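Got a structure for you, written out below as structure tokens; questions coming shortly.
A, B and C label the chains in the order they appear, each numbered from 1.
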Amino acid sequence: MAVDPARLEQALTEGALAEDTVRRIVREEIERAFKKDPAKKRAAIIASKGTLDWAYPPLILANAAAAAGMETAVFFTFYGLNIIHKDFEKRIKVGPIGNPAMPMPIPMPQILTAMPGMVPMATAMMKSKFKGKGVASIGQLLDAARESGVRLIACQMTMEVFGFDEREFIDGVEFAGAGAFMSDARQAHVTLFI
Amino acid sequence: MAVDPARLEQALTEGALAEDTVRRIVREEIERAFKKDPAKKRAAIIASKGTLDWAYPPLILANAAAAAGMETAVFFTFYGLNIIHKDFEKRIKVGPIGNPAMPMPIPMPQILTAMPGMVPMATAMMKSKFKGKGVASIGQLLDAARESGVRLIACQMTMEVFGFDEREFIDGVEFAGAGAFMSDARQAHVTLFI
Amino acid sequence: MAVDPARLEQALTEGALAEDTVRRIVREEIERAFKKDPAKKRAAIIASKGTLDWAYPPLILANAAAAAGMETAVFFTFYGLNIIHKDFEKRIKVGPIGNPAMPMPIPMPQILTAMPGMVPMATAMMKSKFKGKGVASIGQLLDAARESGVRLIACQMTMEVFGFDEREFIDGVEFAGAGAFMSDARQAHVTLFI
């Protein structure tokens, strides 16, 4: 029935250390927790442009995030709705006009970049450049995204404004508003407007 | 004066469990804390474009963030300064040129999109489309933002470069530099450059 | 050998409070930890545009982040590769075409903005405006970034697509893929696509 006084003494002494010990444990656990901060595992990307050059980045980055094990959502809004349209192949084009940084086969003044034929030419050129270097096409990137669980969300407000119907979009697309993007994004470190 | 030996025994035994118990408590508290990570409650948005199409997204997203209870700041820089200018109605326009993704009433070659009259036409068309679908105008979005406490900050450096004066901006605008944006943004999950 | 019963009583009573005390300590430590959340000290920026106006923001914001003590990485991709090209002075231009928000010396219809000579004129005008207001040039911003430890990373995939060679870039540039950006970005509150 008697408690060993040495054990008692130790317990009391350790009790006196408790706060320090607790703080040490707490700091260890917090450091560990910040290393696996859940916000590191989520990405929320807005795809707002409808040209070929700006269709690649949201899909490439979403696939990179998914490959890194992140829960990833892409919110398609404004011109970006074209990327997930069933006719994306026809709708997603690129032109050199207004972008003096676009590489052209021969140097030309800006006025020529507005001439008929420049958009199809630049679109074909960019597609062939990407394909020649082994980069996946928009269709392949969309497939990869869906296979790896990336959520593709069409913005309902801009769908209405631009007159799109739900049936015009590829399979697997969800429909939601800006609030939906915000509730994904507030939980994510990676938030990008493209 | 005598301590109940059973209570003593229990205390000593529980003391032996302390580290496990403490770690359990700590993990519970950390999980709870990450659910209400303060970074989830802040949004920092840069509005850098001065066209009508790119004036909507920062205001719509800022209002969505505020509606979700987030402390929200929008930093207006470069062409984005036009959005909070007193004359925003006249300054914020949109044109189809250089954007093959913009829906036009009739298909036309890019060269025609550069013709006189296209910017006013496209601007009127976009305003009427948005209004027709019940989307708030830029003026209404600015009012809603200010009413819900969204901070509107004009970039002092680009104000100087483009020759703007503080009195040219709408009421309630603050004035600060890029460092100010960074100190909002580093505390926020949602950080967007639009 | 006898343990002071008063001390024993106090230890047992405090032991009974342990969980509350531990939770208080834990909450204090967590609050402190969130104030110095490591994600507040990192910024990951994508520079994707190759025009003069959009070359400033990634460099200005990266320098602002570094000045605030943040570990900062800029990932140059697509047209943004021009910013870190040895010939950036010649490659980084700006034109008014397609941007009705760009201030011009005299009002003009959009078709005129496509005329030969407009890109060099607008580029010279913007450079002189920025210089006249004491804003650092692109070259100076790149130097400042490297001096303050900002990592400049060229996207390998788009280097291949656009036919760039590692030797074409300024000193200090690193080479990596989209996965590299994602591993910086997931640890950072500030993530921007410019």
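Things worth noting here:
Simple rule for what comes next: a residue touches a chain if its C-beta (ideal position, glycine included) is under 8 Å from a C-beta of that chain, and two chains touch if they have at least 3 such contacts.
Quick caveat: nothing in here was measured; it's all calculated off a predicted structure.
Taken as a contact graph, with one node per protein chain and an edge wherever two chains touch, the assembly is complete, since every chain touches every other chain. When the CA atoms of subunit A are superposed on subunit B, the rotation angle comes to 120 degrees (nearest 5). Looking at which positions face the partner, subunit B and subunit C present mostly different ones, since fewer than half of the interface numbers are shared. With centres set at the average Cα position, the gap from subunit B to subunit C is 17 Å.
Shown for subunit A are the residues that touch two or more other chains, namely 8, 11, 15, 18, 22, 26, 30, 37, 39, 97-99, 114, 189, 191-193. The residues of subunit C lying in touch with subunit B in their complex are 5, 8-9, 11-12, 15, 18-19, 22-23, 26-27, 30, 34, 37, 39-41, 43, 53, 56-57, 60-61, 64-65, 67-68, 70, 97-103, 109-111, 113-114, 129-130, 133, 135, 189-194. Every residue of subunit A that touches subunit B in the complex is listed here, in rising order: 1-3, 7-8, 11, 14-15, 18, 21-22, 25-26, 29-30, 33, 37-39, 46, 48-51, 77-79, 82, 91-95, 97-99, 114-116, 118-119, 157, 160-162, 177-179, 181-183, 185-189, 191-193.
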